[in-house]
Structure formats: C-alpha cells, structure tokens
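The two complexes that follow have subunit A in common; it is paired with subunit B in the first and with subunit C in the second.
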Partner chain A sequence: MTELDASGALTPRGDADVEAASGADGALGAPPGAARRQTVWADVRIYLGAVVVALVVNAVLLLAIGADPLVAYRQILSSSLGSVAALAQTLNRMTPLLLGSAAVAFAMRAGYVNLGVDGQIYGGAILATGTAFALYGLPAAVVLPAVLVAAILGGGTVALLPAVLRARRGVNELFTTVMLNFVAFYAADYLSTGPWTDPVAGEAISVPIGAEARLPGFLTGGGHIGILLALPLVVAMAWWLRRTRAGFEFRAVGGNPRAAQFGGVSLVATGVVALVVSGLVAGLAGGIEVTGVHRRLILGLTPNFGYMAVLIAVLARRSPLGAIPAAFGFAVLIVGSDSLQRSVGLPASAVFLFQAVVVLAVLYFEVRRGGVLAAVRGRVGR
Partner chain B sequence: MAEAASARGVAVRASDVAVEMAGVSKRFGSVQALHAVDFSCRAGEVHALLGENGAGKTSLMNVLAGLYRADAGTIRLHGRVVEMRSPRDAIAHDIGMVHQHFELVQAFSAFENIVLGAEKRVWSMDADRHRGAIAKLARRYGFDVDLDRHVRDLEIGDQQKVEILRILATGARVLILDEPTTHLTPIEVERLYRSVREFARSGLTVILIAHKLREILAVADRLTVLRRGRLVGTLDAADADEPGVVEMMIGERGALGTASCPRTVVGPGTVLAVRGAASAEDQRAVDLADVDLTVRSGELVGVAGVAGNGQKELVELLCGLRPLAAGSILLGERDVSRCSVRERIRAGLATLPGDRIREGILPGAPLFESYALGLHQVWDRSGWRPRTVRDEAQSMIGRFRVVAPGADAPTAVLSGGNIQKVLVARALAIAGQGGDSVLVAMNPTSGLDVGAAAFVHGQLGAMCSRGAGVLLISEDLEELLAVCHRILVLYRGRIVGSYEREAFDRYAIGAGMVGSGD
Partner chain C sequence: MTPTDLVDANLLRTMIVVATPLLVAALGELVLERAGILNLAIEGMVTLGAAAAFVVLFAMAGLTGGVALSLLSAATAATVVGLVLAYLCVGLRANQITVGLGLLIFSLGAASLLYRAVVGVTTSPPRVPTLTPEAVPGLAEIPYLGTVLFRHNLFVYAALLLVVPVWWLLFRTPLGLRIRATGENPKSADSLGLPVQRIRYGAVLAGSALIGLAGAFFPLVLTGGWSESTVGGRGWLALMLVIFGRWRPWQVVAGALLFAYVDAVGFVFAATSRLIPVQFLQMLPYVLAIAVLVQVYQRAQAPAALAKPYDREARY
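For the complex of A and B:
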C-alpha cells in the first residue's frame, strides 16, 4: 500500500479545527472528573433547551392548523410509549435508526462521512432476502444467522467501492456513497418487480421469506428482537473506539490526520475500516427490517433512514453510545407524530416539519456552545 | 531626478520619497516583532528588505499593506502622513502586496481574477472594458500568460504573474513582493527580475522581501537589513558586498542564552546513515537529491538552511511519510528505506515535527492521548488501557513540569511551550528505548521563550548523553552554532556544506544558506 503525502487527496477531513468545538471526544474519550461533570451538565442543558424551543415552536404550528398542542403532545407520548405494544413499535422503529446512526457516527470518528446508509440498508436487505430464498425450508437455527450475516456482508459490499476509491484514488466518499444509494435502490427495484416479485401484490414487493428466516418476536404487537441485536453491537463499537489501540489510532486520524501519520497510523487502512465497518453495521439494519418487519424485500424499506442517521449521529456528537438516546428520541417522535395524522389531522408533511424543528433547535444550541469552546481554541492557536 | 540628487550626495527631495515609515513598532503577545523601525524608499527604485527568518521583514510590510496596525510609528506617502487601518486603505493609497500564498480564485480564469481587483463598481461589471488595458499591462512588463486559462491550470510561476497583474490592475504604485522567488525555477527568477526592473523604470516603487543574496544584489538599487525586529542599516546595492551583508543579517551575537554543545562521547557507532537519498518527484514540494548524512551515537548534527529549501521534506523522508526515489536510510545497522512510519518508530526513530499543533497533537483529545500518539507504537502491542496511559501521562507532566490542568485536559488548552514539552517527552520516550535511536527535530524552539527553549536544548543534550543521535533541523543559525557538534547546510534540496564544530564559520555557513557559498 502506498502512503500518500498528507496534503494529498487521501487525507480525511480531520477536525483539528472543529474537534474542540464539537466536544466530540468528550462523549467517549473524556474520563470522569469535575470537568467531565461540567460538560455533561452543559449537554443536558442544551438538550433540555432544544426540547423546550421545539415544543414551543411546534405548539405555534399546531395552533395555526387549529389543533390543541397539549392534546397533540399527550397523543405523541401515549401512542409511542403509552403501552407495551406502543413501546414495541417504537423500539422497532428505533432499531434501523440506531444502527444507521451508529454506522455514520463511527465513520465520522475517523473523519469520514458515510451518506450511503440507505444504499447499504438495501444492499443488506437484498442479500438477506436472497439468502432466505436460497435456504428455504432449512432449520431456523441455521437460516436466521446465515441471513443476518448475509445482510451484514451486503451492506459492507455496498460500502466497499467508496472505501477502495477513497483509499486508492482519493475520490471523495460523499459523492460515491450517495450515488450508490441510487444503484442499490434500483437493484432492489429490479428484484422486487422482476425475478422475486410477488405476482399477487402487483407492486414492488417480493414474495415473502420463509418462517424460518423471521426474527423472533419481542414484547407484543409485532415487536421483534432487533433492538436486542443492535444495542450490544453499538456498545461494542463504542468499546472498540475507546478501549483498543486500533480504536485509538482510528480516532487519532479523525482528530488530526497529519499528526496521526507522524504517529505511524496508516490513513489508507483507517479509511477502509471506517467506511466498510460503517457499511457492515448499516447492512444489519437492512437484514433486520427484512426479517423482522416486512418479511420480504420491499421498495419502501428505508424512508430516508440514511439521512436521519446522519442527523442523529451529529446530535449524538459522533458517539455510538450517544446515538442510543438520540435514536430513541427520534423513534418516539416518528411513531408519535405518525399517530397525529390520525388523531388531530396533522398532515404527513407536518411531521417532518416537527422533526426538523427539533433538530434545528439542538443544532442551534450546539453552535452557541461551540462558540465558547472555539474562543478557548483561538487562545491556543496564537 | 533621484539619480541626479544622490549622485551629488544631496538628500533626495521629499517628493521623491514614495514611502517613509518612522519608528514603527509591533508586538505580538510576548514577542516584540518590530522595535521602532525606520524605513524609506523612493519612487522608481527596487528596494530589497533583507534579514533572517523572524527578523521582521514581513511584519513591517504587513504594516505598510494595512494587514497589521502598528503599535507606534508613522507612515508617510509622498510626504503626507496616512493612517493604514485596513488593506482597503492601502489599496486606496496605491499600495499592493503580493504574498507568498497567492490570493487567487482557482476556479476563475486569469482574466477574471485580474478584473476582480480592477473593477471598482459593486453592482455592475464590464469585463471587456478592462480586457484591452490588462492585455496592454501584461505586454508592457513581459508577462506572457494565457489570460483565459483557469488559474488552477497555470504553473506556479504563471500564477504569480497573474497575482502581480491583479495588484497592478488595482492601480498600485508601490508593489511589495514577499519572497517571490521561493517556488520559481532559475529561469523564472531571471524573467521575474527583468519585469521587476521594468516596473521601476516605469516609476513604480518595488519592495522586495528576499533571502537569496546574489540575486538581490543584481536586481536591487538599495538594501535595508533588519535583525530581530530592529533596523541594522540601509545601503546602496552598488556599495554592498555579500560578506558584509551576511554579517549585517546575522550579526556578531554571543552564544544563545545558556544553550551549549553537549559534552558527550561521539561515536564511533552510527545511528543514522542516509546515502544518496532522493525524494520522489513532487510538484508541491522541494525535491531532495543526493542527500548524504551521518549521525553518530551521542552526536548532535545540525541542518542549517533558509525556510523552504527542503527542511520539511527531509523530515518527511526520514520518518517515512515521503517516498524515497533513490538511495537508502539506515537506522543503526538496519535498512529502513522501505519501512513504514510505524516500523521506523519501533526501530527507535522519534520525530519532533516542525508544526507542533498541525503535525504533533490531537487538539480536541485529552492530553494523555496526544502524548500517546506515536509512543503507543512502542508500548505493549496487545492492548490500550486508558487508565495506564493516563497515569503515564500524569507522571510525565510532573517530571517535565508541564503547565496543564491535568492529563485529561483537552490538549488545545496548553500553551505552545507546554505542547512542545509534551512532544519532547514523547520523543524521548520513543528514542529512549536504547539501541540505535535517533531524534529528528525540526525548529524545536521556534516561537518558544528563553526558558522553554533552554529546556528543549537541555533534553536534546540528555538524549545525546544516553547514546542516541540528534538531527536538529533549524532555521535559526545561532541556535545551531551554539549547540551542534557538526552543521550541514541545506540549499534547494541538497546538502551544500558540512562544518565540524572546531571549524564553524558563520559567514561561510550563512553564505551557503543563501546560495552564494563556493
């Protein structure tokens, strides 16, 4: 492998400049202590402030369309958390968001941006469905693990091309990952309307997978055990970043690629690991959606999970652990506001507006905090 | 007129003095960059501003160009006192500066870039109106550039022409060129200086900040020499000789502070041997060629040179970041020519990079992680235990008296001197494993106060006494003269001289650094 000059195209976007401002390493890297407690408090205040702002702005929005905000907010909470079945639905929705955002956050820790989570979810779903068809009729103990492994590999495969292009040619992964979203989408389109199509349905969905390839249920009301797979995986990713020497080198590239090179870290290897592992994790989300929710390959598999994953990763400050509460919050919001359509007649598009207000509010508070830390950095940069 | 006046030995008339700066002072934090400097130049002359790195040349010109506000002093243009609050004021007074890094829009054509400067109206742009004038300007000064090509497609020499044309198109009458020849080939340098003479002939004032003495003496009418922020003197180029100017530039200073050459037993073992090394061709860098150097056990070898002659590239070549096109690098007995950075660190090669913030630390990460970066390559390979690393860093903070809130503090809150202490501690830990270890340090004391610099020098000496070798690449000749056993001179990517301590000759070394050695 050739190590290119650090000023070359190979260098990831190191955030020597923004690292301090985002406090990113604080999420995992900073140890306990008085200073740490202070930053935690600052974080809590940011999120509380953002939630209050979002509630107020959305209340105005709801009043404008003639709905009672208090009724609406109660409806959101009860429909997403009010019963075991509601909670199961929320956890189902949280699973792909958590895996997707952990995947994005992981790559970001080394300075790479994976915008291809949607494509990687489709890649995982396609391989999972194909494997389920191929192993039809075998015992579940064989089929289900094989299907999930296939899903993981499917996601990794989709991410492999951007990784290699980045490592070998310095092609920016922002473009390649986004473009592969289309490739994976149309591949799923072809399979679900062509070879695998369900002739009865008359739309872009495949025939169902066998019962032996279905994810076991969890709680009630259609809940599945996906979240029980996702949580340990995300914790393991956080552990790897924090507690292994490879994880340290990985974060060092994200913190300052030039210094990492001087410290003997290979940017090529780090870039490949960042994008491929990110794809593997996103691929699992595709497998879980197929085996746990839809039981087939469908075209509407990911309603923009990929972009939401980026937002969640940013809110979580690039920390896989931070993505757990953030993804949960998003799932509550999505499940709850979906029900607003039925109860208070909120248009579907208003749901997105609702979410956007929350995200903007959090980002706004983040920037204000960043300003304070940037001032500290300015003192040093002298 | 001016010639007639000076020929008669009479002071020139006030109207002939285009720029007159008096008592200009400027301080940055604890560094006094300019001490009451007087400077004046005439209309129609090429005036060279000379001095070592950090002498204050660029600072003085940044004051004139409105980029810095002076703490004290006055600026007169054609006898009238003016206030320079911003670069806009300077442009309004027809002063233009070409910086070392061009301020061109890469995606625009050369013509568009020039018009951008020339067009004074905000709401409309009549590009074609300017085309004739710009083409005429280019012809007049012999700038044969294809104006319709994108700047990004132009060679660096042509980009420079575009930048100069852009400044001239703003109507500049005083043109400041900051080290314009750094990236040019000898032929391009010759062409540039022909144009510079042409500017002067047409009545412009050209102020040239430069290093390469022989070229300067050929092109300039007068010289002003600065040293450590003070004016040394101004003289006619006709009266100047190279040794005299070199002496003015580097002065007759005593040893630097408490720094002294480590009294260690040198050799006989060789810890670093570079034989006929050349770097792979790189348009954005100085190509190194035929580099031969040897560092023996216990020896402190200096590499002198003016910035931009291949120092950065030499560091990269040695530590494994820059591919080797020819020759070999040996650490002790081991040939590491094809080894990665990681393998070289494990073989005992430590580096103090030239830019401690950009190349040394993880600004947002806790201090113990910045300390561990690179050093982790030589630790137990199995694991990464944050607690152990933190304890290690905490004890380092105590031993080296680093002023830091603790091992957990973000690295970026440390001052430059304390960051350097951490990097020195790290390098010592890497090179202190025994065996044939080497430290390659680039400008390790630049920007440090006396105490921190003395600390760094003390640690370099301690390394030598432990039997390691040190290669000290520095732009500060005084530092090298004070601490090195041997000094090599680097000029345009080649080693052009080698001096043993008993035979140190600051004038010969200084001359080699500016390309006038023999």
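For the complex of A and C:
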C-alpha cells in the first residue's frame, strides 16, 4: 500500500524520455540527421495508419445504420470545407477545441491532467455573460475586451480550487476537475433557467447579450474572429514553453519532478501555474462561444469539448502547436457529422466514436513502436 | 422542507434505489483497481451498459426473458470495451489515463449510435416500464422500516448484496489475494509465479461486466428510458466512491448510500422546494465528492501499482 501523495501514482510523469525519443518536441532532444528523418517518417505512418483504421471502422458503423459511407465521407468534407461559409463554420468549431486542447497540453507539460475544460468553459461563459449584462449599452471598444477578460478570469477561477487542493492537500487534480465540470454545468443551468432566463424560449437559454458585446465577424456565414485570437495565444504558449527559462523549468517538472526540485524549481508554484493558466485559456474559449456563436449563455455550450480537448492534446503529444492541425481535423469531423445528423439522422455524439477510434489507433501504433524503443532503452540502462 | 422530511421513509427508500447503480459500478471499479488498473472510461461504460439494456428491453417489449437478456447485453457491451482497455493497458502497457479517456469518448458515441440503430429517429423518446417493487410479505408491514427496506424489486436486493461475494472474493479467497498482490506489487507476484497479465485481464473483464450491469439499472429501476444524459456523471461518482471507500468493499457500500442520499434529496425536493433552486440540489453530490476527497485523500491507501503498467523485463 502506498500513500496517494503529491507525486501521486495516478499522474503520468517522467515520460520526458518518450517525448525526446519521439522527436515531436523539435529542437529539444530530437535525434539528428537520418535518425530524425526516420522518426518523422514513423510518425507520419502512425497518423496515416490511424486515419485509415478510423475510416474503415466508421464505414462499418455507417453501413450498420443504413448509410453509404462514401456518400457520407464526401458530405463530411463538402459541408466542412466545401465553401468559404463552410470553412468559417469549421474555424468556429475549431476555436474552443484549439484553446481547450492547448490548455490541456500546457498543464500536461508540467505533469498535470486538466479534465475540467468543460467546467472552465462554463465558468468563462458565465462571467462573460454577466459582464456583458452589467456593461449593457456602453461602447463596444470597452465592453468586448472587458467581457473577454472576464471570461478568462472565470475559467481561471474554476481551475483555482483544483490547483490549491493539489498544492496544499495533494488531492489529485484529475478527480477535482471532473467534479467541478458538473458543478459549473448546474450553475450555468441555474442561471440560464433562473435569473437570466429568456422567458420566450422556454428552455435553458439566457436573454441575449447586447450588440456591443458581440465578437466581430470573419469570412462569411456566421464566422467570427475567435480563431484569430486563439492562434496567436497558442503560438505564444508554445514559445513560452520552448524558448523561455521559466518554460524550461516548467517542462523540467513534467519530466522529472524530483530532479527539478533539486534544481531549485518550486513544485507547488509550478502546479498552481499549470492548472490556473490552463483554466484561464479554457475560460477564453467560453467567452468566445458566448460572444461569437450563441450571443447568450446556453446549456449546450460544450458538448464534451473538454474530453475531446484531452484527446487532441494526446494526439498532439502535449504540444500546443501540434494541437492546431489536430483541432482542425476534429472540427472538420464535428461540422461534417452535424450535417450527417441532418441528412441521415446520425446522432450528434456519434462523432465521438470516430474521434476516439482515431486516438486509440494512434495510441495502439505508438505503443507498438514504443515497445521496441523501450526495449532498446532498457538495454542501454536507465 | 422541515427536518423530519430529511428522514422521510420515501426519501430513504429512494436512496436505496439510487444507490444500486452507484454501488454496482463502484464494486466493478474496485475489482479493476485492486488489480492495479485505473478505468477512467467508467462513465462511458455505464452509459453504454444503460443503452444496451434499454434497446433490448425496447426491442423485446413485454416478452419473457427480456430483463435477463437486457442485463446480459449490458454486461457484454461494457466487457467488450473492457477487453480493449485490457489489451491496450495490460497487454501493450499503454498509458491508462489516455486510453481510459479515449474509451470514455468511444463508449459515449457507441451508446448513442446503438440507441439510434435500434430505436431510430423519434419525436418523443420511448419508455419501457420499470420493474415493479414487490413488498416482502410480513416485513413490508413494519411501520417506517417496511417502506424503507422491504418494498424493493428483487434486483435491488441483489445489487445491495453483491458486496458480499465481491468482498469474499477479494479478501477471503486465494484468487482475491492474487488479484490484490497484482495491484500492489506485480514484480513480486510475477516472481512467485503468478500470471500477472492473465490476472489483470480477468480483473478488468469481470470489473467491466459489473460496471455494465450498473448501467442496466438506469432503464430497469430508475428512469425506464435512455438519453445521453441519463447517467449524468454517476459513473464518475462511482469512481470517487472507490477512493471514498479507500479500496475496501464495505466502505464503498457506506459511501454509495451517502452519495445516493444526497442525490435522492435532489430528486425528492426538486419538485417541492421553492427555497433552494433545483440545480443547487443537483450539484450537491459533486460538491460532496470534492469535500470528501479533501478529507480522505491524504490518508487514502491506493493499491501501490495503480495506473502503473507492468513490464516484466523492465529494471527497477
């Protein structure tokens, strides 16, 4: 029996060597020359293999509900990428996924798992909506920035409790962040059916926010500039992790906490930064959904974006930059499946299945290759 | 709401019904975790079990054997997911957290697709009759206790008594000792000649079957229907219960009753309370879970090898 302490058995740590061996982290620890080309090629094969497996599995499932897979796949692509308006919709969907997965990937780099992105999105959305109501009628140049800042703070607030409990009491953040998802969900439910409810709608929807709190449009067809806010932020996170001293220390904790501690890095401070920054970034996603997409607080704000964000972060190997293509791919799937929902009655959450198969296939191929790598490492001695 | 309402016989009766899926799922997770495997897919497995049970009840409406078959299909569906979990985490030693979350999403999607494939697109969700409570002759007439304890369906009793065989297996049989040894120190277990991988596979499959059965209780005794929010986080609560119970079956029972009580307060007072908004009552189990984690966590004794893959060729 062992104590479930702060260096807990339940948190995946110490896989920095895996990261270095996979060459996904660019300059740091990437093998040089031919060896590096080989690992990149192996990566490409893993991702292609996973996509093929997912396409085949999904084709079988589509046949099972009586749809033609080829027609369905063509429709997924045309509805998500076939026109400028379709692309705008895909970028809208990509924004919360990108921010969420960058948030998760960021915390993972220090060895923390944030499963609470859903709750942090709701936290951000609640504060954003409240701020928009409070500043109703003021000029947009004041309101919109204030609303987005409020959203960021809202997400950070939801992440603060798990961060403090982890730092002070050693409670594993996996469990506290999940529990807060439900607390935040019911808080949003209360506000959107109670004090802020839209009496006309008759469901869990608040009254709309003012025009001054709306995110400007981008492209056509209801696109908004959220993606233009998210991309620079994600690049900045990647830069901080990779090119600053603080970022190096942060990753050192994720690689080997004891060694980092002996090197003078504070584990408590790193843990709080990891989770709270993660929450701040996820909170922005909530603010963008409110100001850009729904223009109000609604209950269906995040259909499991939080768990998808974890899958994307895993696919991206905990790299915020890698989350950009992965989040785009997931967004294509979601928009495409929404259109399949309308045409062949595919349930909205069936897209989860496809996403999960992609991720599990990547994990499978990676572990199969990792088995060989692990054996080699064992012989060299670690 | 008055203080006497909090010990109302019908409230306590609801508590016992609500506790059954929590308890069965938590006991399944307990078996898995005692063998050293963390199953974060539990919420998805319960949802899938509920969907599998519902579609069988729906398709076999009124036919005899429908209930037994629905239980079987719930257990089977979750066991298939468990098999993938075991293959990736035990066989291939993949990271249990990422595999668990992948399978969580997979199961949620599979449940929706299964429901859609059998039930089709409907305007109003279909319902099946829930199992009728049966009064135990004589005992049910006892005032108060009779209502609380002796007016349940047979399956509710079976679920409550399930703790006995699980406890007996884990703590009173050689196999249970081996399962626990595998979760504490797989290296030692291996050096004593125990088939660590096979024991872990077995524990994952058996635990998954129980978790799937827990799902069947939602359509069978609680809701009579299925939707994507039917389980609504109770799978995650079952995961918390294992920690709350400190990986011991009897404490898990106590925890299940406590959480079910809080959940039932939400159910019962949702309709009547004007003072507190429903949503705050619905929040209670999750707030309680956080409070409990803070209290229990530091002294919690997790199986030492929990969530750690075992590689017999690795050097330590």
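Basically, the second predicted complex is superposed on the first by the 331 of 382 C-alpha atoms of A that agree within 3 Å, B and C clash if a C-alpha of one lies under 4 Å from a C-alpha of the other, contacts with A are read in each partner's own complex, and residues count from 1 in each chain.
One rule holds for everything that comes next: a contact is a pair of C-beta atoms (placed from the backbone, for glycine too) under 8 Å apart; a residue touches a chain by one contact, two chains touch by 3 or more.
These numbers were taken from a predicted model, which means no experiment stands behind them.
A.B. asks: Is A:Met179 touching the first partner subunit B, the second partner subunit C, both, or neither of them?
C.D. replies: second
A.B. asks: Of the two partner chains, subunit B (first) and subunit C (second), which one does A:Leu311 touch, if any: first, second, both, or neither?
C.D. replies: Once the two structures are laid over each other on A, A:Leu311 reaches subunit C alone.
A.B. asks: Per the contact definition in the header, classify A:Val71: touching subunit B only (first), subunit C only (second), both, or neither.
C.D. replies: A:Val71 contacts neither subunit B nor subunit C.
A.B. asks: If we overlay the two complexes on their shared chain A, which of subunit B and subunit C does A:Ala356 touch? Say first, second, both or neither.
C.D. replies: Once the two structures are laid over each other on A, A:Ala356 reaches subunit C alone.
A.B. asks: Is A:Ser266 touching the first partner subunit B, the second partner subunit C, both, or neither of them?
C.D. replies: Only subunit B is touched by A:Ser266; subunit C is not.
A.B. asks: If you tally the residues of subunit A touched by each partner, is the higher count for subunit B or for subunit C?
C.D. replies: Of the two chains, more subunit A residues are contacted by C.
A.B. asks: Looking at subunit A, which of its residues have contacts with both subunit B and subunit C?
C.D. replies: Touching subunit B in the first complex and subunit C in the second, residues 2-3, 5, 15, 381-382 of subunit A appear in both lists.
A.B. asks: Going by the contact rule set out above, which residues of subunit C touch subunit A in the complex?
C.D. replies: Within the complex, subunit C touches subunit A at residues 38, 40, 84, 88, 92-95, 97-99, 101-106, 108-110, 112-113, 115-117, 120-121, 184, 228, 233, 236, 239-240, 243, 277-280, 282-283, 286-287, 289-290, 293-294, 297-298, 300-308, 311, 313-315.
A.B. asks: Could you list, by residue number, the parts of subunit A that touch subunit B in their complex?
C.D. replies: Touch residues, subunit A against subunit B: 2-3, 5-7, 15-16, 19-20, 22-25, 29-31, 33, 35-36, 242-249, 251-252, 255-256, 258-266, 376-377, 379-382.
A.B. asks: Considering only the defined contacts, which subunit A positions touch subunit C in the complex?
C.D. replies: 1-5, 9-10, 12, 15, 61, 64-65, 113, 115, 161, 165, 169-172, 174-176, 178-183, 186-187, 189-190, 193-194, 304, 307-308, 310-311, 314, 345-357, 359-360, 363-364, 367-368, 371, 374-375, 378, 381-382
A.B. asks: Write out the stretch or stretches of subunit B touching subunit A in their complex.
C.D. replies: On the subunit B side, the touching residues are 29, 282, 284-285, 316, 319-323, 340-345, 351, 353, 357-366, 369-370, 372-374, 376-377, 381, 383-386, 390, 405-406, 408-410, 412-416.
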